[in-house]
Amino acid sequence: MAEEMRVLLEYADKINPESADEYVKVGGYVGLEKARQMEINDLIQEVKSSGLRGRGGAGFNAGMKWSFVPKNAEIKYVVCNLDEGEPGTYKDRIICEKNAQALLEGMAICGRAIGSNQGYIYCRGEYPFTVKLLKNAIQSAKELGALGDFNIEVRMGAGAYVCGEETALIESIEGHRGEPRFKPPFPGVAGLWGVPTVVNNVETFACLPSILTKGSAWFAGIGAAKYPGTKIVTLTGDAVNTTFFEVPTDYILRDVIYKLGGGVKGGKKLKAVQVGGTSGSFIPEQNLDTQIDFDSMGAIGAALGSGAVLVLDETRDIVDIVTRISKFFEHESCGKCNPCREGTFRCREIMEKINAGKASQKDIDNLLLLTRVMQKAALCGLGQAAPFPIQSTIKHFAHEYARKIV
Amino acid sequence: MTNSINELEKDATAIFVIGTNTTDNHPVIGYKIRKNVRFNGAKLIVADPRRIELSNIADVDLRFRPGTDVALVNAMMNVIITEGLEDKDFIANRTENYEELVKVVEKYPPQLVAQICGVDAEDIRKAARIYATAERGSICYAMGLTQHSTGTDNVKTMCNLALLTGNLGKPGTGVNPLRGQNNVQGACDMGALPVVYPAYQAVTNAEVREKFEKFWGVPLSPNNGLTIPDVVDKAHHGEIKGLMVFGENPMVSDPDLHHVGEAMDNLELLIVQDIFLTETAMKAHVVFPGVTFAEKNGTFSNTERRVQRVRQAITPKGDAHQDWQILCDLSNRLGYPMNYSSPEDIFAEIRKVTPSYAGISYQRIEKTGIHWPCPNEEHPGTPVLHGEKFNRGLGLFHAIEFKEAYELPDAEYPLILSTGRSLFHYHTGTMTRRSSALNEFMPSNEVQVNPETAARLDIVDNEMVKLITRRGYIEVKTHVTEMVPDGVVFTFFHFSEAAANVLTQAKCLDPVAKIPEYKVSAARIEKI
Amino acid sequence: MANYKDIIVGCIDKKGGIIEAFHALQNEFNYIPHEALVEAARVFGVSEAQAYGVATFYSYLSVEKRGKYIIRMCESAPCHVAGADELLKALESQLGIKVGETTSDGKFTLELTECVGQCQATPVITVNSEPVFNVTTKILPQVLAAYK
Amino acid sequence: MIKLTVNGREIQVPKGTMVLDACQQAGADVPTLCYDPDLKLAGSCRMCVVEAKGRPNLMAACVSPAENGMVIETESPDVVESRKIILELLLARHKLECHTCEKDGSCKLQDYCYRYGVTDSRYAGQGAHFGMEDPNPFFKRDYDKCIICTRCVRVCDEITGAQAINVKERGHHAKIATVFDGKLDDSSCVFCGQCVMVCPVGALTSKVSAGKGKSYQTQNVLTTCTYCGTGCTFELNVKDDHVVGVTSVRESEFSPVNKGALCVKGRFGWDFIESKERLTTPLIRENGELRPASWDEALDYAANKIKAIKEKDGPDSLALFSSARATNEENYLAQKLFRAAIGTNNVDHCARL
């Protein structure tokens, strides 16, 4: 297999993403119509059976998540997470730019399933043009009456990676500092303004129209059995084709890089791949034959995450790159919990020391101890994941560290 | 207070705050009101000429002209009756004289009163509806309501409002004066008033008097005594020859200080018992050094009638004596033996003559204080008064007409001056001016002036000016702020060197309570 | 220039929308003026301290005056490996300012940013949030010259 | 009821109970820094992490509801390791001057470092140092001791309602600040010192008490405030027969009105007690001047004068201004003195003022 499989991006560049009319012409809003005619329980069951799992990183079954929302609550919200802050990731932007109406339709389907008529799209502050696009797309859908009584409001973030965490995102919509909440309560029970809220990623919502139109069995049959469907990956770094691809989830990493990505630039050898964005683990060459589905990546100690793939060639200095990454986490830690606030700062400090050739083995031991505690004790995913790049590179590229310590 | 403080935090669903800058003068009560409004959604009505802190979170903020309280609240009652929001059952079962009230408040439609008070008629209606329709409405007031020549009328009007809406006798309701001093409640309870013995038993009641004569073993005077302003006047005339001042400082706190000073100078004997050489002590013939609350045992009764312990933490300074001991020593020398072994011993006697305190003992209030009335040792105390019936049986409506303040602004004195307290000082400053941090933070007085008033007078912020009334003047720096409305100025009375009470008048007091009109004096400001 | 009060009132229908108001203010002023922050706090019913806490939490918001053009240099890993460090040095030297500073003519403010999601064309800078792709030290003078 | 096991001990707790309370019920002392029973939960300091069998990560006990069948370990190796490292992270930026710190002996950070044997931090390095200070006369803000537990922010918001402070910036650079990071005096701060009360470390301490005695050197005496009529209770801190401070008692049993909350006067306005201007001896006016006198002399002087006036002009030519600041017992005696010993009802006090 060396080809993309375009489901979400089937009509990319063939239709105007803002136009609901053009979307309808290629079969859009049929899924929503179908959802409206289904019993709520059947609708949730259909999504459950499709096996669709959240594309935001946690990989939770979407239908299952919806089923936890209390039926009797008067007000509920559908929130779309478009705060893709993982460096190297831009697939949600691409979905909006190529197929924004599918996102809106997906949100409306979710609204129908949980009994909500208000949706919010939280778009990262780095994408003001996407905000504009989405507002036009909503306007177009409204004019066509495609969304029925479902309203969608776009809110913009302002430069905070942590707001990709669903409860921090909710805090931010509420106009607060984007600090994650402790869980439970989960947003499904008490989310935005304290009421039940489903938060899903753009890509997750965008899968829904085709699941409804073509059936859950069709979707479940695509890609890896336990993580069916397609995945949009964004290839960056030292690959030849640094662009995005939509592939079935049983696609292997090596093919992403060598078949679709055209291999490593300048014919160099590959040293490492970081999958899932900056919080992902570094994967050595020997693990490239892993499928890109959630569970397979987990099995090799990595995470699919956002689906970003950063390719590093043989000349790259792993320690230098991890030092840079540690600075990212220091910058993006919200500062609420101790292990992350102080831990990300000290990680960066020690990484800089190592990178400058001034550290000893003792520093690496201290670093590993610190990352272990961050992973176990931090409040949210940011602090828990910040250790991955450090731990995985010390594991797989120990010699690179060894070279720099005194 | 008819009700207890914590009900303001939890039980009240609407709170009507009038004439109290609660967050400054009763800060902890202010926190509770604010908490109830912010976190429990209680409604808040603020009626105050000044924009106080609580105004910021109020549902209705009535910034009315000083001295027009009766008109304002009569208009609220007019709305309540017109719109049928009164509590008909409560009126029928628990009150009398309602018809008289109806007759008088008919004359106060909101459109008319809006002009008298300088507020929006719609705000009066809104306030009336919020209070009347609240499940549990509480009224809080302090000296902004009472320090008027119509102070008694003002208080009765608030009682009318509570009776009209049945907001009495349940948790979260009531008419709640927030008392300004730690034990002003207790001093009243103990009979430190000219017309009553402990527990408000009238000195003119022969039966009561007989009881006390028997208990104290001496014949007692059947005549009402004199209030402070009357004593000052009579000292002026020379009818009062000897005065003992115990823990008070009339040379800063009382109206028209020139007048007070002349009265003090006219005395044959002035005894002052205090912890510092106060402005009053400086005029004394003999001074007894007493002790602070940190050096004594005893009890205070707070504004919600809760009797709480005061405990001695250190030995008295120097040769200062326990205040109770000084009083005993003086009494013994006057030939009336007073021998007690301790404050607890005195308290045991208090319980015998004070029915409302009868059930309270030091042992019972070792940890948590008890609300009087507490008639016996089994009684848990009474946080909420008037549950079943009022002291007199039925609640009496008073038909009260609005009267203007005694001294209104005119061409010569175009401003209204109000006086009051700061968060950072207490009363005559005797203690707080000697507290290093408080005095460092706020070392001097100020007069608050609205920016528009300031512009008219060509004065700026932080400028020393002369604040003048018919009684005299003080020099004080300005604080230009929108907190006070145009035409109204406000100053604190804690500072003897720029004493607000040089400016206030002692001629026209409330006829019943003899409270001076500290909230309305005609004044003017001059540049220096 | 639009009045800050009007801008804030324009966001009032957005529940909890103080961040939206901050964006709207920055669109006009490129930062959040102090008096506007105080007003926004009042309008949205939060304390001034809270509004300030929000304004300083997000890296795209600023309560300090900034230049007409805010240049943000992405330093996340994909841009890092594409030579972001070198480009940053060039930016600093060509603008004559350090990160966080504004040119004396008030034209440019230089800031660092994390990933702006344009990793198909690294290294990336943004000018007032508009991305500029594949910026090399060579084409930098010509990129900057486009902003008058 | 929910059944769970804590450190091998089975206990039952009502539904909705947090793991922290369940642990306490089971006799396990779980350390906390950001937790405050009177404030909204933060779950941020992570000191209270415990191990729940079968869960990959540790859980913060203060924000985790107890669940049926949970098996909790409060001092497992993982838990202890995490707590030690968290303490080291805090120490890495904490100004260590315990010997001169006002909170020495009542500092939670100090207590926990002692408990877990944390002497210094392997993570000491650079870091944000915001230094001191705020030029107010009431309390010191030492940011280099702050551990960002946000109890001050929450108490200011939830109890006092002043909302004067919040966290500014984020991450390691987060700092507790007023609007525009200005002086407290320019903010909505009312200097109630509730923040000082809840601060678990030496970041916020009273300036009025500074240098006068550490908590373990003082005796505390529960009493009632001498200022307004609210009737707040608090403790006077006494050292060597001097009042050296005021601290809150937060249990409603001892502080039914205020539950530990105070105002600026109650918390910081106590040192008049120790003022050099206190009257320490009786005085008698002689030749227009007040001069020191013995008690006998002063009392005799007063008694004789009273007797003379009473004889000459009758008891109603004498009057008493009693005191709204004195105790019930004293007021009772004062009015009794004038009514019974002198024979007049000319007794009043400044209830109207």
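Structural remarks
When the chains are written out, they are named A, B, C and D in that same order, and each has its own residue count from 1.
The working rule: a residue touches a chain if its C-beta (ideal position, glycine included) is under 8 Å from a C-beta of that chain, and two chains touch if they have at least 3 such contacts.
Keep in mind the model is a prediction, meaning the values are calculated, not measured.
The chain closest to the protein's centre is D, with centres computed as averages of CA atoms. Centre to centre, using the average C-alpha position, chain B and chain D are separated by 28 Å.
Taking each chain's centre as the mean of its C-alpha atoms, chain A lies 25 Å from chain C. Chain C and chain D have centres, each the mean of its CA atoms, that are 43 Å apart. Here the spacing of chain A and chain D, counted between their Cα centres, is 47 Å.
For chain D, residues that reach two or more other chains under the stated contact definition are 167, 169-170. Counting partner chains per residue, chain C has residues 50, 53, 57 touching two or more of them. Across the assembly, chain A contributes residues 160, 177, 331-332, 334 that each touch 2 or more other chains. Those chain pairs judged to touch are A-C, A-D, B-D, C-D.
Only residues 84-90, 93, 124-129, 153, 155-161, 172-178, 193, 234, 236-238, 242-244, 274, 278, 308, 310, 312, 316, 321, 324-325, 327-328, 331-332, 334 of chain A touch chain C when the two sit together in their complex. Every residue of chain D that touches chain B in the complex is listed here, in rising order: 136-138, 158-161, 185, 190-192, 207-208, 219, 221-233, 236, 238, 241-243, 253-254, 256-258, 261-265, 268-273, 275, 277-285, 290, 293, 295, 298-303, 305-307, 309, 312-313, 315-353. Chain A makes touch with chain D in their complex at residues 160, 177, 182, 184, 330-339, 341-346, 349, 366, 369-370, 372-373, 375-379, 384.
Residue ranges of chain C in contact with chain D, taken from their complex: 34, 37-38, 41, 47-53, 56-57, 63.
Listed in rising order, the residues of chain C touching chain A in the complex are 14-20, 22-23, 44, 46, 50, 53-54, 57-61, 75-78, 80-81, 113-122, 126, 129-130.
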